[in-house]
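Have a look at this one before I ask anything.
Chain IDs A, B, C and D follow the sequence of writing; residue 1 opens each chain.
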Amino acid sequence: MSGLLAGLDERITGVRELCEDLHRHPELSFQEVRTAGVLAQRLRAAGYEVTTGVGGTGVVGVLRNGPGPGVLLRADMDALPIQEVEAVPYRSTATGVAADGTEQPVMHACGHDTHMAALIGAAEQLAAHRDSWSGTLLAVCQPAEEGGGGAQAMIDDGFLERFPAFDVALGQHIASAPSRHLYVRPGVFMAAADSLRVTVHGRGGHGAQPQATVDPIVIASSTVLRLQTVVAREISPDDVAVVTVAAVHAGGKENVIPTTAELTLNVRTFDPDVRERVLDCIRRIVRHEAAAAGAPREPDIEPINGFPLLVNDSEAALRIADAFTEQFGAEFVHEPPAKAGSEDFGVFGAAAEVPSVFWNFGGFDPALYPDPAKPNSAVAAGKAPGNHSPEFVPTGLEPTLLRASAALVTAAALWLR
Amino acid sequence: MSGLLAGLDERITGVRELCEDLHRHPELSFQEVRTAGVLAQRLRAAGYEVTTGVGGTGVVGVLRNGPGPGVLLRADMDALPIQEVEAVPYRSTATGVAADGTEQPVMHACGHDTHMAALIGAAEQLAAHRDSWSGTLLAVCQPAEEGGGGAQAMIDDGFLERFPAFDVALGQHIASAPSRHLYVRPGVFMAAADSLRVTVHGRGGHGAQPQATVDPIVIASSTVLRLQTVVAREISPDDVAVVTVAAVHAGGKENVIPTTAELTLNVRTFDPDVRERVLDCIRRIVRHEAAAAGAPREPDIEPINGFPLLVNDSEAALRIADAFTEQFGAEFVHEPPAKAGSEDFGVFGAAAEVPSVFWNFGGFDPALYPDPAKPNSAVAAGKAPGNHSPEFVPTGLEPTLLRASAALVTAAALWLR
Amino acid sequence: MSGLLAGLDERITGVRELCEDLHRHPELSFQEVRTAGVLAQRLRAAGYEVTTGVGGTGVVGVLRNGPGPGVLLRADMDALPIQEVEAVPYRSTATGVAADGTEQPVMHACGHDTHMAALIGAAEQLAAHRDSWSGTLLAVCQPAEEGGGGAQAMIDDGFLERFPAFDVALGQHIASAPSRHLYVRPGVFMAAADSLRVTVHGRGGHGAQPQATVDPIVIASSTVLRLQTVVAREISPDDVAVVTVAAVHAGGKENVIPTTAELTLNVRTFDPDVRERVLDCIRRIVRHEAAAAGAPREPDIEPINGFPLLVNDSEAALRIADAFTEQFGAEFVHEPPAKAGSEDFGVFGAAAEVPSVFWNFGGFDPALYPDPAKPNSAVAAGKAPGNHSPEFVPTGLEPTLLRASAALVTAAALWLR
Amino acid sequence: MSGLLAGLDERITGVRELCEDLHRHPELSFQEVRTAGVLAQRLRAAGYEVTTGVGGTGVVGVLRNGPGPGVLLRADMDALPIQEVEAVPYRSTATGVAADGTEQPVMHACGHDTHMAALIGAAEQLAAHRDSWSGTLLAVCQPAEEGGGGAQAMIDDGFLERFPAFDVALGQHIASAPSRHLYVRPGVFMAAADSLRVTVHGRGGHGAQPQATVDPIVIASSTVLRLQTVVAREISPDDVAVVTVAAVHAGGKENVIPTTAELTLNVRTFDPDVRERVLDCIRRIVRHEAAAAGAPREPDIEPINGFPLLVNDSEAALRIADAFTEQFGAEFVHEPPAKAGSEDFGVFGAAAEVPSVFWNFGGFDPALYPDPAKPNSAVAAGKAPGNHSPEFVPTGLEPTLLRASAALVTAAALWLR
């Protein structure tokens, strides 16, 4: 490694230890207090001016290094209410208070620990080489990406006014793909997401007197099955949509038919017309499946949250892909299809009206991926865990983090040199 | 009113006030502390030797009144985790800690308040007329009928050894039927109940990557729908069974497909062969609905609790029906079909190897029941609430309680005179 | 055997041969031409005045034998469009033109062949002993019981005007029960039946473009599953109903999504209120399951046919049960529950305003029925075929037919002596 | 219009009349006798050597016009068993004998009439201008594209040996898109298709005795619903699949539960791995949905037919797209996504090991398509009929056929000049 990347490989053991420490101590959205403290301390030690508590628990490190463009590097900090399997020594046994007020096991099941560690690695590396570039670097540790409120919360907390201007926003996400491989594409990168809460209203009663009730669990079950037809029957094969019922809750006592059932829906789309059609279909199905049972009133449908489409600036994305190819070799750089996952990273670039680019880096054993151009193929084959699975623990942490830190440095250098 | 019933009508206002007080302060199973205290105090004031804490929170009042048979009168004390609608001034706003550890609204949605009030009315009346009969009276206030553990808990706590012997056990339950009407039948009175917990095992993951998961919510929903076929297709029209899915719980975070889903099933049957067939069908459906989705392992099915068949002693039941007819008039006494509800009242008679008889009394506006011989007909017609509904608040409390207390006195007198 | 039954056992070989001949040559409803010819010839040979072509293909034999009451004995003649399994030498290989105009295999899968043979046996026996009784005998061979139009067609064809008056109508049906056993009950004997045709309207299109269609097969499938909830959830466990989807037809070419789907429903109930509720539920479910898919118009629901409740005259039924007990022994006479099957036999008694009684006789190997009081128990256990099954071939024909003929003679004698 | 296209616009009235005539007289697969006769006569009149009866009812016209490359132009001839709506004066009222032996209404609901007319237009035009080009032209009228056997039947009938060699195969299909617009893409153009017949085995019986049966209609319905999850849950959002249940047939008599149910499935995929996964899922679901009902044996799954992927030669396709752009203007030439429909056109090129190119032409009112780059958008919006719909009648026949004939001439000229 040479130039801006010189010495990054020596730095990476410490980055890996940071990653394991973060993995062992995951925190839920907007509760990233310990996490923020650890990151703020690392950034300060590297010479950054650090502000904490931005948009709740967010951390912003600024390195002013002479005239020149501003570059924002962003990592997300939050974990998920999932019980980690026993697989690694740094397994999480942490718990946290979930949105419903209950105590839940918590896990970095979406790899945000690797995002943070790679960001710190890049931030430290760029600080160490500050004589080789000029401009301003913003290292942004965002709370609450899961659920999508964190980026907007930072913007709403005066981000644009309180911190230096930036000319590009860069971010990355680990993928179920081989370590050292990078995935970047111009244009649409990730889906729009809409989450909805559906409350089905039946009529409660005694478990032995169904005829005196309108059973909301039957309605909910029929609704879940019928919702499968939205993607299977109502969307063109040329279009993409995902409709997931992520939660269903109804009932308590075993001899009581409950009065209501609650469904949580999650919808992914890449096109506004398709999105509108999918939401229309959902509303129609939910309403008539309840009416088919003689429900006393229509279900309530309320939005929980939403993510916009994540769209990469095409010119900037192609520049970055070229730089990756030159730096790491063409065999490690791929143009993936747009992904059905969602992200609020785009909020920074949109708010500042500057280009933003987001990419994926692989984090798993390359042997699992006969064709590295196909991220997630090992998941489809049942050989590797997908994101949000209790088994989503990246393997080969050091090569993964080395490549991810180097990718951030390489991309940032396109503006900072 | 004459004889043993003389003056009962004057006593009933106080009984009604007791009922309203109990209604306002419902308590969940095995948590009936205030309730037990109120009842113990009333029984003591009427001259009973009172023991509390029997089988947890149970109360036993004994009135030894010379030689002669022993008669056990039983009421159940517990309420349900249901939020009462706003309908009466003595509406419950109480809460309690449910089996899952959460705080829940609580309501006497199964009318146990009327059972207790009627028992106190009868106990006080028989105490006041103790010169007209001879024998021993046991007034038993049982905890935890819902879920079925309370009667057995009292027996297990040495009931038969600690209290006087009895020759008959009598109990009653309010029904969705007109006030002042009574329903008694020889033989099978209520169903056997089996409650099961089914845990479906899928494979969790990201809400946008369904292909990397086995969605347990789809399995659970398909299972619920398919379970409808047990009663609809697999049981003879000559037989009776009820299969209720009383609860379904799965998932949390809106962008995470969960790993498991949990169903709570409640099964009612009147015949051991039918029971076995229904349970077999459930096991078959649960297993194959999971396998249809490629579930990584079979669902777990565990019993939660069960109630035996409630069978009235035929001779004793017919004697009581005759006495009711003589006392109240044939138009107020009916022989209903066996009911799909369940009860643990039978545990007392079975443990002591003596006859037991259980009956229903109506508690609602007679105008709703064009044919009083058909309890629940107004429920079926959507004009009256069924048991365990948040609207199950008896109307016409005074005539209801007067008749229910009088029924207990009348039945007891068959043995005590 | 003595009295009126003397010699019946010698006659039974010929009756069995008749039964096998009829079995080998089944004919569909209103097409019973050969059958009617065979029966007419037998009745004429026995001395009856015979009229054919009554109500289509019906046959009426009259034996005027002096003053006294009139007794109507009825058998039904039609078979079903079912392919018989290979089990007996007299297996049917006949075909007929079904209601949809297609050629279908035909089978006596409901045992009407045994009804006819037993009727002939009784008619011949009573004719042979005409010096032992006085009155008028009507032997009625009715067309088209399956589907229910045959009895009414005979009445509409002037039956009451053209033939002698009768004081009682008697009929019987083979059951999946042990040979030589009889089943009779006062009051409701068989269910009301309603058959409906539901036409679901979708929007057709290319199999690869589901988004341009409204798939009627998905609607139909969801409707079938949801209809299971009518019996499972919407009817009291105290009530009885059966909702069967007996046919579903949609589509042709494998790459064309069809425009419509057609369902045939069959409903059994024992109570007019339950019947109305079930039909309401069906209408509601059918409508909303189509609307859930965005169907361009509501499904059409048209009645196909219907059977009234079959109700036995209580006094007459009890007299017959007593006579059976005296003649055959109490161990061979049972009071079954009301059956969900349907019959148009009641049309004769109702039209003439005279009592009618219908009973069942067993026709299968007694070893299959550990408790002969439970007809159909071997079916439930999977050991014997049910009615309308391609395996429904009675075993032990001679004892079966001997008992069935004797039952008709014994019952008729209560009026004719 | 100039060059090879000069005078084509004057020819088009006759082409349109041919199209209307073919539309009025549609014929089912391998029954295209009249159609073949009409086409053969037109080709002969234009100077082609014509062979009929190739691969059943296929027609091949050959025009040898000096040295040079061979070009195969192909149209498909068969129609579908669909009842046409009343919309145009040349509406079809024809019938034909479908695969199941029944007489069915027949309609050109997939626009093969326009394919034939456009082929004749091009063939006549090229014949009229034979002094402007050199080479050999093959005008191929293929039977039985629907169901996929026709192209292979022609090859199997010695096509390659009996007719001149060709260097490229060209074909086109009408789309639900604006008239005068053309859609061509390199690489995968249309999906692989697999059609399957699933026979579900239950146990038949009486409609009133469901407990004695295993209801195959319930199994079939549950299977149809569960099959929706294949596309909705088991395929990556990045992949494309369509699973259509195109037919379901079970039952006849309204009081008989049938023994079997038959489903016809149609599957579309673009990738061999996805295809294998979808077929695996189908097998798994079909098997377990039957087992969930206790079916006496596993369903049978048999392939009916299949289409391979249709892949355009990339270089040839790009040459053709460029020629279309130059000839008709860039605003009329689009690169569509791969389509889920299927075609056996590719069989000719594959058999001869030469490039083949297939494209779409629009055939409907342009006002319905605000964005002409999106074929089928008006179908999705419910404003235009999709292929195989009873309303699929192209509008603006003359401009449509003019453009389609011109496209064939333009593409052929790339080789023939």
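One rule holds in what follows: a residue touches a chain if its C-beta (ideal position, glycine included) is under 8 Å from a C-beta of that chain, and two chains touch if they have at least 3 such contacts.
For each chain, UniProt lists the protein as follows: A, B, C, D = Amidohydrolase.
Just so it is clear, the model here is predicted, and its values are computed rather than measured.
Relative to the C-alpha centre of chain A (Amidohydrolase), the farthest chain centre belongs to C. Judged by contacting C-beta pairs, the busier of the interfaces A-B and B-C is A-B.
Per-chain CA centroids place chain B (Amidohydrolase) at a distance of 65 Å from chain D (Amidohydrolase).
Rounded to whole angstrom units, the spacing between the C-alpha centres of chain A (Amidohydrolase) and chain B (Amidohydrolase) is 50.
Chain B (Amidohydrolase) and chain C (Amidohydrolase) have CA centres that are 43 Å apart. Counting partners per residue, chain D (Amidohydrolase) has 191, 208-211, 213, 215, 218, 222, 225-226, 228-229, 232-233, 236-237, 242, 268, 339-340, 376, 380 as the residues that reach two or more other chains. Those residues of chain D (Amidohydrolase) whose C-beta lies close enough to touch chain C (Amidohydrolase) in the complex are 80-82, 98-100, 102, 104, 109-110, 146-147, 176, 191, 193, 195, 203-213, 215, 217-218, 220-225, 228, 242, 244-259, 261, 264-266, 268, 304-305, 339-342, 376, 379-380, 385-390. Considering their complex, residues 191, 225-233, 236-238, 240-243, 268, 277, 337, 339-340, 376, 380 of chain A (Amidohydrolase) touch chain D (Amidohydrolase). For chain D (Amidohydrolase) in complex with chain B (Amidohydrolase), the residues that touch the partner chain are 208-211, 213, 215, 218, 222, 225-226, 229, 232-237, 239, 281, 284-285, 287-289, 291-294.
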